[in-house]
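You will see chain A twice below: alongside chain B first, and alongside chain C after that.
Take a look at the complex of A and B:
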């Protein structure tokens, strides 16, 4: 069915399905960098919260609640809660999404890539991005070093920008977030300019 | 799977949202921020999450931190 690259009319709707399904299942905005962050950098203070005994945490939260809303509002809330409990059973609590879910997501990325390559008949282990890359950028072991450094720079850049192509490009742009619109315009714009430059360089 | 239809979109991933159900009085945070049609946008956690910044687990919607010690 597909040879070479997958057609845009297939990839676009699939991306849309993934973003919407992600939201429906996890109630989170889709973003690959966000998944890395979830795995590598658990929320600051999460360990403290987990370490604190439930009673101590409840007490700390209660103090903060009283300070923010005042004793009267809190007492009203407790009274309303008590009378509601009499009428209806307590609804099921929503638990935070476990870190294992992000780990599974990341582990499946290369699997998905491999399936895509298999379908288009391109599955092969390569140590190069191709002849043009070798000619313009570097070849041999140096090409691998350049790719590794490039990967690190992409990681640093996406963290600085607060998201990557999926987070800003798919989730952010679809919500018309100004920061995402600017980020996406910047990295796609830069990509287009660089690709034209490379094209000019490799012209015979 | 249900989330307040007009409330905060981060209820599923927020570290504190489930903890606000621990006791009756704490639900006031959910009422005044998380489930509120517009007030959830004032939440310090919401604002950080929206700008893709890491959200400290102890950060309260009003910008204060839970004193855990």
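Take a look at the complex of A and C:
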């Protein structure tokens, strides 16, 4: 039974363990597109601001106030701040995931895949996605063209939707989040429609 | 190298292994799922969602988990991604898992997907008003 693909009653619980354990350990929602975003779009605007320490920002603000309004204003500001801090402790700032950690996550996915394929004896260099893909979608050089175009759809689509099968599908749906339920319904729905179209178009 | 790096490397390793063993990286299996020829992957996914729901309900307070607002991109992006998934058998993690298994044709998918992800934010800023968020970022 475990020599081939895992049965659903084993794979499903494993998925759930990953999603819930990731939240419990990291206090973040598990999602793969987020890791790509961390790697591909570092240090833009808000991220830059995140890198500056809160103390440095506060100091800069203090200096600017001093220059603009004089020492009295600074003293006033400090008093107001002190009383505010007493009343409400600041919520803990969330450090962004280090870019290198996201990169390591992505870099280890193929290693995990290689081990998985090794276990089942499927590990082999192949130039196609297999007989079904060649028959149903395209074969020869056209297969690569279709894959590249399909890849652009995957890249643009997941970025536009703000998540993919893991972030919206697993993490979002399991919390009954409306945006994730809608996104998941639309990518599964479209996947079904396109697959049936491909199936219907195959030459007998 | 801090603890967070080690943890994320392990998540990647484990998740890649799981996806490969479940068969999400096998185009034939994904196509069988989408054409209802074999419901195994659907059942795996739905069981995963159902048990995650139970896990979140029992182990966490739902209110402490951040929520994200709906925007039209959830539908439009979902449609584009669904079409790409049906054509390539790949979602963003599968792109890389396929390569690890030796399915080198996946390099074409990966190139397309990276190009799409890099180019999209500027397209987004030009045409759309809603914030461009992403899970876990």
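Note that in this section the second predicted complex is superposed on the first by the 140 of 204 C-alpha atoms of A that agree within 3 Å, B and C clash if a C-alpha of one lies under 4 Å from a C-alpha of the other, contacts with A are read in each partner's own complex, and residues count from 1 in each chain.
By our rule, contacts are C-beta pairs under 8 Å (C-beta built on N, C-alpha and C of every residue); 3 or more make two chains touch, one makes a residue touch a chain.
These figures come from a predicted structure and were not determined experimentally.
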Q) Does the superposition put A:26 against chain B (first), chain C (second), both, or neither? A) both
Q) So, does A:7 touch the first partner chain B, the second partner chain C, both, or neither? A) second
Q: Would you sort A:200 into first (chain B), second (chain C), both or neither based on which partner it touches?
A: neither
Q) Does the superposition put A:125 against chain B (first), chain C (second), both, or neither? A) second
(Q) Output check: A:133 vs chain B and chain C. Expected answer is one of first, second, both, neither. What do you get? (A) second
Q. Per the overlay, which chain contacts more chain A residues, chain B or chain C?
A. C
Q | Where chain A meets both chain C and chain B, residue numbers | A | 24, 26, 28-29, 31, 34, 37, 41, 97, 162-163, 167, 177, 179
Q: Quick one: which bits of chain A touch chain B in the complex? Just the residue numbers, please.
A: 24, 26-29, 31, 34, 37, 41, 43-46, 48-49, 51-52, 54, 56-58, 60-65, 67-69, 73-74, 77-78, 81-82, 85, 93-97, 162-163, 167, 177, 179
**Q.** chain A partner contacts - residues on chain B that touch it in the complex
**A.** 1, 3, 9-15, 17-29, 31-32, 50-60, 62, 64-68
Q. Across the complex, what residues on chain C touch chain A?
A. 2, 4-5, 7-23, 25-29, 31, 34-36, 39-41, 43-56, 59-60, 62, 65-71, 73-93, 95-106, 108-121, 123-124, 132-137
**Q.** Complex contacts: residues of chain A adjacent to chain C
**A.** 5-9, 11-20, 22-26, 28-38, 40-41, 97-98, 100-102, 104-117, 119-120, 122-133, 136-137, 143-180, 182-196, 198-199
